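Please go over the structures that come below.
Below, chain A partners chain B and then partners chain C, in two separate complexes.
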Partner chain A sequence: MPRIHRDSIDAIKFLLPFFVFLGVFLIYPIFQSFYYTLNDITLSHLEPKFVGINNYVKLFSDKLFLQALTQTLLYLAFHTAIGVPLGLGIALLLNEEFRGRSFARACLLIPWSTPPIVAALTFFLSLNPGFGPINYLLELLGIIPPKFSIFGNPNLALFALASVSLWKSASLFAFIFLSALQNIPTEPVESAKVYGASSFTVFRKVTLQYLKPTIAVNCILSCILSLSGTQAYDLVAGITGGGPGYHTYMLYYLAYMTAFPWNNLGYGATISYIITFIAVIFAIILLRLWYKRT
Partner chain B sequence: MLDKKSSKGKGDVDRFDPPSQSKRDYLKTLGTLGLGLVVGGAIGWFSRELVPKPAPSKIELNFYTTGHSGFYYDVGRLGWKPIARYMEQNPNVKINVLVDSFFNVYTKEAAVFAAGVYAWDVAYLWGAILAEFYKYWTPLDEIGVELPSEVQDDIVPYCKNAVWYKGHWYGLPRMLELFNLMADADVLNAKGLPFPTTYEEFLECCEEVHDPPRRYAFGIGLKEGYLLPPYLCFLHGNGGSLWKDDAMQTVIPDSPESIKAVEDMVYLYENYMDPAAIEKIAFVECSTEWHQGKYVFALYYPWPTMAVTDPESKVKKVYVWLWPGKKGVTRSASQVACEGYGIPKTARYKEEAWKFIQYLNSQEVQVQMALNMWWKQENEEPVPTRWSYFTDDRLKQYPYNIIVRAQLAALKYKANRYERPHYMAYCAAIEAEIMNALTKKKTPEDAMKDAREKCDEILQKEYELYGGGFYNPWPDMQKYKSKIDELLNQIPVEEEYIFPE
Partner chain C sequence: MRRSKVKTVVIYAGAIFVILFTLTPYLLTIFISLQREVDLFTRPPFPFKLVTFTLDNYAYILRYEPFLTGFLHSALVAIATTGFVLLAGSLGAYAISHINFPGKTLLFNFIVVVYMLPGLAMLIPAVVLLKTLGLLDTFIGMIFAHSIILLPLMTWFLIGIFESVPKDIDEACQIDGYSRFKSLFKMIIPLSKFGFFMILVFCFINSWNDLMFANTVGIVNIKLLQPRILEFMSGARVLYTQLAAAGFLSSLPVVALSILLQKQIVKGIMKGAVK
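The block that comes next holds the complex of A and B.
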């Protein structure tokens, strides 16, 4: 038997358990849920009724879906536009030599390691208009009126939620940036300094160039976290429940609510497919941008 | 570059290969595991007849209930433990209690039922879950049980709604509760105000006692998830109904009475309530604040009245009676909550499950449940579900007597909850739009018209799947008016707690 052929058989043997697992827990559900999207199916009536692409067509006239889509994109833009630079800023700070740096780095782990539902409850209580310490402080500073409900305000609730998510994600972004910063070779930086470049120029012309792939990774991560990460569900469920009104409904939460509490599995699965589709588009765009630049 | 192949090609595959020794070890381990399983299985199979059979073990009943009624999982404040007692009386039965938040029960039951697996022998049930998933519950007639007519007649019709669907009984109710108006009696007396008997009088009282932020006139949580119940009180108070009496039982949140109800809620919220109320779930957080004396009036299930027996409570005396309707429309209007226990189709021990359900519905358990009521949410214990239990002597004691009387009196007025298969979807659609009105995103009229649009969509789908003909307990309830009067006469109460009906 030729060597390469024998090696392939060995490789298959080793990989088989993984592929079986992948098949049962990922590939099969992907196809099964796609099948649901083409059917009218509920948890109480599991006999599917074929509706073709009706569920997809319905999305375009579904006001709630369109509202949730807009809100998700807003949330995503806010989360990425602020979260990634914030993470970079924190990483640059922690990359400097100072007393207590190790402690500060360790502290950075806390937000990310806090389970989303715990973060949700913490912020829900901290921003409670009745007794929340953050609300109290904002009141004292005259930023908000007494007993002001931030999560109950239709204009602010979404951004407040995105800020809670940022609190968690920025630390992850910072860690990823930090590891990238530590891998930047010192020579180009040193030479730039020798040639008289200012710190900002060194950052812009050297550091940032090396960080471009990491920025792309963090942007993709931010998009995925906003679209379908557990944060996108847990924070909404734990803090606002989609309210006030429908003002914090996001696609991930809407997919769950539609499929389960509102008992419309087929349509819920369709929304999930749209989320996946958007996430893939974002990933492709960002990857293309990255490869173009490098 | 994406299209540039790595220079490490197939020729370098050795780089990733484990050393041949490890490969052999891996395959050996896998082979040994497989062989061990086959040999073990074979020994087990052939020796099954040789091993002596164990003595019959206990029947294990999986009992699924919700967190808001601690009495049913043995954490009632008075220490009377129904589950432990049942196991003492039935040594061959072991009850495994599984508790979940009320807000999780619906999805968990739905998912388990759809999966078709065994999870529980006795499970929590209410009208909406039963209507939507009736196929997954065991009708009592299927296990040869016919509920005697005297038992059927003894069950309050609103409670029947929790366990009865289109001609079949699926279990027995476990509780009944209705919204009442509660007032801090000391504040009213100090101001010389009578307990209001019309909505207009109620507003006048609010104006007199409102003193924010020290004390708000009216307290209730308005957060979505439990916003429909208070809305129904306002709707009924205007003489409205959420369903039409047509073949589809069309849901009509855009009726004039409904729009007025939302306007009333907005008015009360803006003028007499804590601005933070839109972040509070019904009375969950508010009951603590009620205990702290932050509200004069509260509209909720009346168990926070029990604050009067807590020495730490700032509220020392409570008047509890009917939520007043609009003058010339109706004297009162409330909303009702009823729950029960049933047997899922996949239950293992259906007969034992039925015995256990009967025990939970017995007079002793139901009365003990009511005696355990308290102002904290985990002890949200309501009143019994059967007419004959209301006059139990223990419930005639203060303050139970004032609560039981208020609950009985509220039963004389419309309190429908409108539970039906797609209740959860209707509920979310209506609540979101009420919230839009409360937060001034829409006018009440626009909000409720949008709610109607959403409800029409839900209705169409629901009608295709279930048809109409859902049980409306209100006509049956009206037949019991004289019985309620009779019961009210049998429950003594001090003069100052008697208010006009």
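The block that comes next holds the complex of A and C.
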């Protein structure tokens, strides 16, 4: 038997469980769910009623969808603008030698590995207006009035949620930056120093140039986490439940609520496809900007 | 080379910031779990006044049946999911990394696209299918639901890990009369055992931490731990101190695992083995 032929048969044998499982539970359902976006369908009555592009048209006049869209974009901007520089800062720190470095690194693994719902819980408790120690400290410092609920404030709740999410994802950004920092060749840095460049100039002109692709990766990651990361559902469900009012509804949470508790699978699937679409657009824009500049 | 004084100060200030930033909320939760409810509700809160600590909340939670079943169910589902994903994933990753066949690149790209898809886009159709098959609210259904996301993801990482084992070794095994199965299980996996073990831990953590899939696929019979925590949090009367104890206990297995295996995990995160 020719080698190529035998190889293909072997490959099929090895890939069989992978294909059978994903074919049945992933590929077929994904096409199916695209079909759902063209239908009215509920989980209790699995009989689709064809409505054409009605679900997509409905989006433009759905006030809650538009509000969730705006709030998601605000959350995403905050998450990225604070999270990526914070991650870079932590990575630069961990790249230096100092006593207690491995302890600091172990500390960073706690938020990373904590279940998102437990992360929600820790902030739900420490920021409780009655007994939350962090809330009390903010009161003592005069930053907030007594018994002030941060998650209950329509203007702050969204950013407070984004900060909780950052507690979890900053270490992820930091470790990714750290790996990039360790791969930067030493010669350009050394020669810049020899020519008398200050360490800030070295950072800006040399290190940052090498980090550009990693910054792009972390920005894309931050977008994905804000749009559809597990945190995007867990934190909202655990801390605010979308409230106060609808001020912390974001697309991912809205899609979940629409599909399951509100029992409208077709419309929920439509929103989840819109999320995918936005994520792809962001990734393309970021990559384009990047390759233009370098 | 000696550092300037300013730089040393900046570094230690930064280190203190990182440690406080990461530990504070977690430690405060542990402190709340060790208090009596009376002390909790009298102001000022703990670090600003002294309280007597107690283990009553843990005693309560460890006797509380919904918590215990949740813990057990989560452990069983996470272990079974990890087993299934690593078995199917290793076979698939071996084929993609060590066998030449047409359509290989296409398959690899497919896995990357799946990585970009939101979990919900997979969950909605999966729930419908599980319902049709009568697998909603069963162990098998829950294991399948977790595997839908984790199998493509973990296969992707396993490809990277297996690729670091030279193809010559695999070929030499076959010349020596090993079958490809034997070569995978006797050579490739043992040679990449650190990476393999790391993926095992990632898979377990991902399954254990999941809330959304668990909340949707499990209804009455299968209640995993994270949905239980959500339930405790959003109940009519929240038992804060017990809740804190439950939260700490439910994060303990994954936090302990990641700290014990610190070095490998950090290496894994750096390679991008997380979402």
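Methods note: the second predicted complex is superposed on the first by the 269 of 294 C-alpha atoms of A that agree within 3 Å, B and C clash if a C-alpha of one lies under 4 Å from a C-alpha of the other, contacts with A are read in each partner's own complex, and residues count from 1 in each chain.
Following the convention adopted for this analysis, a contact is a pair of C-beta atoms (placed from the backbone, for glycine too) under 8 Å apart; a residue touches a chain by one contact, two chains touch by 3 or more.
None of the values given here were measured: they were computed from a predicted structure.
By the document's definition of touching, of the two partners only chain C reaches A:P29; chain B does not.
Residue contacts after overlaying the shared chain place A:L73 against neither chain B nor chain C. By the document's definition of touching, of the two partners only chain B reaches A:N264; chain C does not.
In the superposed model, A:S149 makes contact with chain B only, not with chain C. Look at A:V51: by the touch rule set out above, it reaches neither chain B nor chain C.
In the superposition on chain A, contact of A:Y246 is made with chain B only, not with chain C. Of the two partner chains placed around the shared chain by superposition, chain B and chain C are both touched by A:G130.
In the superposed pair of complexes, A:S228 makes contact with chain C only, with no contact to chain B. Of the two partner chains placed around the shared chain by superposition, chain B is the only one that A:T42 touches, whereas chain C remains out of contact.
Put simply, more of the residues of chain A are touched by C, taking chain B and chain C as the two choices.
In the superposition on the C-alpha atoms of chain A, the part of chain A touched by chain B in one complex and by chain C in the other spans residues 4, 7, 10, 14, 43, 46, 128, 130, 241, 260. Within the complex formed with chain A, the chain B residues making contact are 1-2, 10, 13, 17, 23, 26-27, 106-107, 110-111, 113-114, 132-133, 135-136, 213, 223-225, 274-276, 278-279, 285, 289, 421-422, 424-425, 428, 432-433, 435-436, 438-439, 441, 454, 458, 461, 465.
For chain C in complex with chain A, the touching residues are 11-12, 14-15, 18-19, 21-26, 28-29, 31-32, 40-41, 43-48, 87-89, 91-92, 94-96, 99-102, 104, 107, 114, 116-122, 124-129, 131-132, 144, 147-148, 151-152, 155, 180, 205, 208-212, 216, 226, 229-230, 233-234, 240, 243-244, 247-248, 250-251, 254-255, 257-259, 262, 265-266, 269-272, 274-275. Listed in rising order, the residues of chain A touching chain B in the complex are 4, 7, 10, 13-14, 42-46, 64, 128-130, 146-149, 151-154, 241-247, 257, 260-264, 291.
Put simply, chain A touches chain C in their complex at residues 4, 7-8, 10-12, 14-18, 21-22, 24-26, 28-30, 32-33, 36, 43, 46, 89-90, 93, 96, 98, 100-126, 128, 130-134, 136, 167, 170-172, 175-176, 178-179, 224, 227-230, 233-234, 237-238, 241, 252, 255-256, 259-260, 265, 268-269, 272-273, 275-276, 279-280, 283.
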